[in-house]
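Presented below is the structure to which this report refers.
Order of writing sets the chain letters: A, B, C and D. Residues in each chain are counted from 1.
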Amino acid sequence: MIESLSPRLALLVPEMTLFVGAVVVAVLGLSKQRSVREALPFITCAALIASIVAVPFTWTDDNAQGAHLLLPMLGRFVKPLLAAMGVWLVLLSVGSVDRRMEELIARGRQPFDAQKVARGEYYAFFLLSLMGAMLLCNAHDLIWLFLAIELVSLPTYIMVAVGGNGSRPQEAAVKYFFLGAMSTAVFLYGFALLYGSTGSLELLVIRDSLATQAAGNGIDSLATIGIVLILLGLCFKITAVPMHFYAPDVYEGAPTHVTAFLSFVPKTAGFTALVLILTCVGWTGHALIAPDGVRVQYLGLPTPISAILWMIAVLTMTLGNLGALLQTSVKRMLAYSSIAHSGYLVLGLIAGAGAGIDALYLYLVAYGVMTIATFAALAAIERRGEEINSFSDLAGLRVRHPAMAWVIALCALSLVGMPPFIGFFGKIYLFIAAFEANQLGLVIAAVLNSAVSGLYYLRLALVPLVSPPSARSQEVTRVPSRWPQTAAIVCGVATIALSAAVGVLLQAVRTSTDSASASASHTSHSNHP
Amino acid sequence: MSEALSSAFTIAAPTQISIALAISAILFSLGLIGFLCRRNLIIMFLCTELMFQGAALAMIAFARMRMDVSGQVFVIFILTVAAAEAALALGLVVLLYRRRETLNSEAWADLGES
Amino acid sequence: MELIWLSIIIPVLTAGVIAISPSKHARNTAFAGSLLSLAALALFAWNFPAWKAGTYFPMTAGAHWVHGAGVSLSVGFDTVSLLLALLTAFLMPLCILGSFTAITDRVKEFYGWFLVLGSSILLAFAARDAILFYIGYEFTLVPMTLIVAIYGGTERRVAAIKMFLYTFLGSMFMLAALLYVGWEHRIASGAWNFDIDALTATAVRLPSATQYWLFAALMIGFAVKVPLFPLHTWLPLAHDQAPTAGSVILASALLKLGTYGNYRFALPMAPAGGAELMNVVAVLSIIAIIYASLICWVQTDAKKLIAYSSIAHLGLCMLGLFALNPMGAEGAVFYMVNHGLSTGALFLCIGMFYERYHTKDTDVLGGLAKRMPVWSCFMVFFTLASIGLPGLNGFVGEFLCLGGTFIAEHDANSGYPGVLGPWYAIVAGLGLIFAAMYLLILLGKIVWGPLREPHGDVSHGSHAAAPALPSDLGLREIAVLMPIAIACLWLGVQPKPMLDAISPCAQRMLVNYPAQVERVMAESIPVAPTPVITSMKTTLKVP
Amino acid sequence: MNGELSIPQVVIAPELAWVGLAILLPLLSAVVCAICGALRVKNKLPAIVTALALAISFVIIVQAYFAYSGPVQVPIFQWMTFQWGAGGPFHSFTANCSLYIDSLTLYWMLFVTGLGTLITIYASEYMEGDRGSGYSRFFFGISIFLFAMSALVLGDNLAMLYLGWEGVGLASYLLIGYNYDRPSAVAAAKKAFIMNRVGDLGLALGIFMLWANYGTIQYSELFAAMNSGGQSAVDWHISVIPFLLMLGAFGKSAQIPLFTWLPDAMEGPTPVSALIHAATMVTAGVYLIARLYPFFELHPEALATVAWIGCATALLAATIGMAQYDIKRVFAYSTISQLGYMFLGLGVGTTFGACYHTLTHAFFKALLFLTAGAIMHGFAGQLDLRKLSGLRHVAGWRIVSWTMFVGCLWLSAFPYTAAFFSKDAILLQALTSARADFRFLGWMGLFTAALTAYYTFRVWFRVCAGPVHFEAGSEGHHDHDDGHHAQDRRDAPGTHATFHPHAPRWAINGVLLILAIGALAVGLPAYKTVFMHEDNWAQQMIAHSSAYEGAGLADAHGHSDAPTPTMLGMDAHTGLTVVGSTASVGGILVAWFFHLRSRKSADQLRAALLRRWWLGWIPTAMEHKWYVDQIYHALFRLPMWIGAQILNFGDRHFLDGVLVDGIAKIPLALGRVFRPLYSGALQGYAVTMAGGVALVLAWASWVWLRGVH
């Protein structure tokens, strides 16, 4: 028992680092020293960087093999990814949390009141949520999976509520929380059914059990319904149809830095959870019983699940893009765009082990960079102390804030899938994966959707660069902190720079999921002769 | 006592499992229906708890069926998480109540497509 | 190989330099950069060992970029793509030189984007990898859209958005088709590889029903770019609104990406589809010729007129290409280059008087021969080149395109049967008459006749923002037009080297066609386009 | 087909490349002129250079004539040439810059370069008022024209011919539009180019058709293919070749239906009218048919069509010419009419007659135009024959008057002038033809000859004879619309009381004299035939080229096997001489009566005609050129223009506005459909989500689970 525990613990060093960081920032947030409070984001960053550094040392092959994980090498890629994106998410929030209060304190209008400050808590929750997402990679049973997902979610509810001021974040929080709770119940019930069908909570056991079922007459209905419920429940996390309805409101209502967080971390967590669950199901070795009783070997997920995912993918990308067309609020538009991108990402889930999961994670990297850069650029500017909201605020942004205008335009182009930005490579590899899975229909749907998405992304690109400045946009100023701008520029440059390194990136993704495909396909042969 | 324990660990009849599962499904559905129909935030939250408990009951029933304790362990975790959610929910509800002085969920519909 | 990359990268680097240097140096820097790029390409072309080669040079594969996806950074030219790249690189410095006084606002961005545009086009022409081609092809949209949207006329945003979305939608189909071929290659060989030759080799072996769809998908993408008849409406608007340099490069290089795409991808990859659809494309091309010519006739806006004439001219180019015989293909490729020269020069000419009078309306302005004799000489010269006067460049392409169409008959002696023939050529030939009509009407209005100048703007430069320009062309403007004029004349008098260079490429492109066309003709009822699903199903199940 | 064709074997002779200088020199002089224009040269340098270049070209051609021994092909450089597969016929396209020199080429080049030189000299004086402005441009145009014309005639393939064909069209365009600030000149230039383009299309299609059937467009190979019986792919294709080529010839030579551009082309300076629109360019159509004569027998009715069209044009143009008042217009219609004769000659089978008439016509028509130009030059653009009278009595105008008289005699085919013989050759062939319709055409030709004599001398008697009276034109050159501006002109200052016409000087007079002598001289071959019974030089030149005479038409004409045909009881030659002379002299006499003896009676006759409703339309229609322009406008231009407007509207508002923008709006409309789902109410979202879950579950359990198990 001890032998098996120590590798598991070693694998958790990054999470521990984050946990320590969370405790530290929570405590230091109560400090009366302004400089200490201002250092909180950077302490958070330090914790994140430390966790990145810890990964290669702790996530060795030996440790990973010893932990008996479903996807032994997944964490090696996903954890640094989460932490690295976390760094920019932190930086884009510098100076935002408690901003008004801190200004009042600085001007001496108000004394420091430990009861009212939220900055320490915010960063603590930030780290805890990221920690939850990281923990998902280590999940080896459903309990861990459930707890990790909840650990991702619960802090985000609070972050939405306390990260800004006014009633909109609170409205967003209440919607997010209540609907989130409902979705949790849905996938929890799915867990129960899956457990009932397979008799175990261990993912490896579930996988083998399902493989046995598949080898017989197919996965039984209890497990199928359970998996469908889990899928639907997790759709909430990945903002996919039919559980995406909250997203526009919450994204719009939440403060920009929280929106940025919401658009990446829970989504990555949701997809990782889905990858784990679907790896248990497996993308191969399923069979259809033809009417004449002959077994027909069938590639991909079992029919009902793949069909449901297919519908989810198509509907998600379509509804997301159609919704985004009509928006006048930039953040709300980006929320719909986030939904649409989830639809593309589901393609990777359908395509499955190997290329599909690779494409999924590659696209997550691309999407993370692009979306964080966009939100960072939005967070770096404000109008009369309020967040940027409508497109007319951005009109002619180039004149006063050229760098932010360019970043927004660049990211819009990357999001639409314009080469040679990273979004293009993400998309193209997703298409390749879909081809590998014979999902020509999905490719066509995605292609049409990409074309439709051009309608609104082009607007996002042209408004800051081309439109003449409006009366509203004349009042746009830069926020006091330079860090959001830095984050925007770095991520913006990354949308180009990463495409130069896309080969390296893809290689990294592959090594992390190679074992995934190996373990998923141990009962079957490879896709193609 | 030992007899009770041993009877607890004998394999339950399928009908009993079915009844337990049906109850769990009913609980879950009741929670869902309540969630959809009630407007009071606290009651809505309680309804989500009801759904959690439905899932938990199903878990216990299956654990019982499989003679496996891990399902029951899971239920303990579910209860814990539910408690955490309750704390969070109440905090949030208080926050909201302070701003609008109402617990009606319909008071919070500023966002959304105009 | 290094020289190719050099010529592609130099403009981008120059754009970078412009971005960080003060804006008063922008135009000179840009000019120098584009000249360097041209020099690099010219040096490569000078040493191009096989002007007669029908294959790529160099043959060595490029570095792998995205290993798993089979995308590699390989560039190379055959003579056709080299000619088109040379055309682009040749026009870049001239466009920049021509914009010295036209662009007064946001100067750095303009030259920066313009150079990036040039790089992107060069990359598309040079790419040996389908994805690399797509990157160059698609990215051209970004700088072009910005150039139109920032520096264009009053409706610039509508024009830019329409151009972007239209082309983007089309190229999405093309991308899907290319990926599909990549996938077929993956099935056949076990690895992803987007090398164009490899893809072509795979695609020609596909069942003809598949090729039909493949061709259609590729065609949609390229037809928007060409643009072919019903898909053309973005072009007049874009041309009308774009600044002069933008119009020039749009007409001369960007539209050629469409025809080049047909030459490089659609036709060689899906010969079965091409053979079946050749008459459809030909009919559309002919409609384009007649339709656009007639519209030209009643245009009063000089730029729109030239824009519509581009549609008509490229219709003829497509017709030649889809005659599917060497004469037509030679003519089409030759025409691609020469349409770029003469139409580009016409746009430059129109830009020059627009700079002076701020109007393109031929009802308001006219008789400029009195005021601007030198300009008038150039205008007349390029108009004649565009009309297709023998001895100038336009003629060779036009004549061969039309001839190719004419001889593409069922029982052609040329060894390349076709389903077009004299009737197609006769109707398309009406376009020659119309071209003379609308271009001479244009000349009659703006060059000849009594002098008419817009009211209130009689003295050039009275416009507040306009820089002082001489009433006739200055030396700089002559330096812009003169090289193009010389090229037009030279190619008209001495087309032989270029025809020889194109010939093997044209034959290589057409290698599968005689057999395919004969197959199509043999089937009295054309193959019903059976859904591609049937072929899908066969791959769906693992044997 | 009647056996082997008699086209001699072609020799490749690179050593004759110096003949190419005849093409190159005009081009060089064009370059010099362009440079002169750019440098704003104010002296006569452009004219001198052009004249010199043309003179040298002429010398070269003369040299080539004396060195000529048989058809040669002279390769110079490769132009539009490429091949595929194995090459050879049908697998290559060969259009090189090479020369094909045979007697027909030399025949044509001799008068083209010769007349070119003379007219350039004439123009050097005529255009001197424009020195420093359009002078260089003018001679640039002339040089370009001579370059293109030489390429047209000398080229060894149809692509070269096409190059020259369009090149002369360009020169014509530039020179008609020489006075570019006059809208009528610009319109006329445009009209000329576009109408020629219609013909050019026919020519181009003919060239393609030749290639499609013979695999080559080089004369030598085409003739060789013909010699060996030809290769036919499709009958329909073969037989349509002559008709396509014919269309090109009709366009360039201003025949029905493409003749209306030529009268308008008189907007150009008069030397241009003389050189391009009378003597040389318009004969390119004759050259084309003569050059490709064998191919006109590919369809039995092709030559008959040429004959009919030619005769109809001759008659129609003559009727119009009778009713015009502008001297140049009269001459323009006479040109069309005479070209009609040439086509009639080609059609009925006498290429000799046609080509000989081309030669004589070139001289006398150039002469006539140049005299008209001299008058116009001296009388400030006055060309209305009602406003000029008795010029031969005005000092300094005698040479003009009498050279004009020579020209008029020739044009009216006065007996024993050169034109009389050339016209006779044509009419004789027609009248002695075995075909009844050709004989009919011959009579029509005779009738037209009478009309020609009438309208020609109508001009001379009005302008040069009678009492002295003249009015100056409105400055440079007046508008040619019939009498529209009569009122203005009458008011203009410049009756003979105050106006002093400046008489022509040595260059104009000299050239006129030389041309008059030339017009006499071209009669020499005919005189030699008639009086010394030698072979006609022109006939020899034509017969030893591809334009062999009547080889395939023997059965149609019957002059080879039938006994000597008779006419009016006489030998056909004699008969025709009598009838032709009568027609000519009769026409002249009528003209004398109406326009010299009793000028009032002409007006009375016109008035009398106009009074009678059944006759009144005839003079009206003749004065309005039979309304052909208006008919063309109504038939072609107007419907096309309406169609274009509709298309333009449709393109903008339907194709772009409705279809493209409409399709772009579909996603927006769809987006609006889903909008109510995002109402903002918490419960609403919960219901939608739960509903979605329920739907998916229901669907999964009912459809799929039932299906699988």
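Quick note on the criterion: contacts are C-beta pairs under 8 Å (C-beta built on N, C-alpha and C of every residue); 3 or more make two chains touch, one makes a residue touch a chain.
Bear in mind the structure is a predicted one, so any value in this text is a computation, not a measurement.
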Chain centroid nearest the full-protein CA centroid: C
Maximum centroid distance from subunit A, chain identifier (CA atoms): D
Length of the line joining the C-alpha centres of subunit A and subunit C, rounded to whole Å: 42
Distance from subunit D to subunit B - Cα centre to Cα centre, in angstrom: 99
Interchain centroid distance [CA atoms averaged], subunit A/subunit B, Å: 27
Centre-of-Cα separation between subunit D and subunit A, whole angstrom: 78
Multi-chain contact sites of subunit A, meaning residues that touch two or more partners: 174-175, 178, 182, 186, 248-249, 326, 455
Contacts with 2+ other chains: residues of subunit D: 664, 675, 678, 680, 682, 686, 690
Multi-chain contact residues (two or more partners), subunit C: 165
Each pair of chains that touches, named by its two labels: A-B, A-C, A-D, B-D, C-D
Contact footprint of subunit A on subunit D as seen in their complex: 664, 667-668, 670-672, 674-675, 677-678, 680, 682, 685-686, 688-693, 695-697, 699-701, 704-705, 707-709
Contact set on subunit D toward subunit B in their complex: 675-676, 678-683, 686-687, 690
Residue ranges of subunit D touching subunit C (in the complex, touch as defined): 38, 77-85, 89-91, 93, 159, 162-163, 165-167, 170, 173, 177, 180-181, 183, 186-187, 189-190, 193-194, 197-198, 200-201, 204-205, 207-209, 211-212, 215, 233-234, 237, 640-641, 643-645, 647-648, 651, 655-656, 659-660, 664
Residues on subunit A engaged by subunit B in the complex (per definition of touch): 141-143, 146-147, 150, 154, 157-158, 161, 167-168, 170-175, 177-178, 181-182, 184-186, 188-189, 191-193, 195-196, 199-201, 248-249, 252-253, 326
Residues of subunit C touching subunit A in the complex: 64-69, 131, 134-135, 138-139, 141-142, 145-146, 149-150, 156-157, 160-161, 164-165, 168-169, 172-173, 175-176, 179-180, 182-183, 186-187, 190, 192, 532, 536, 539-543
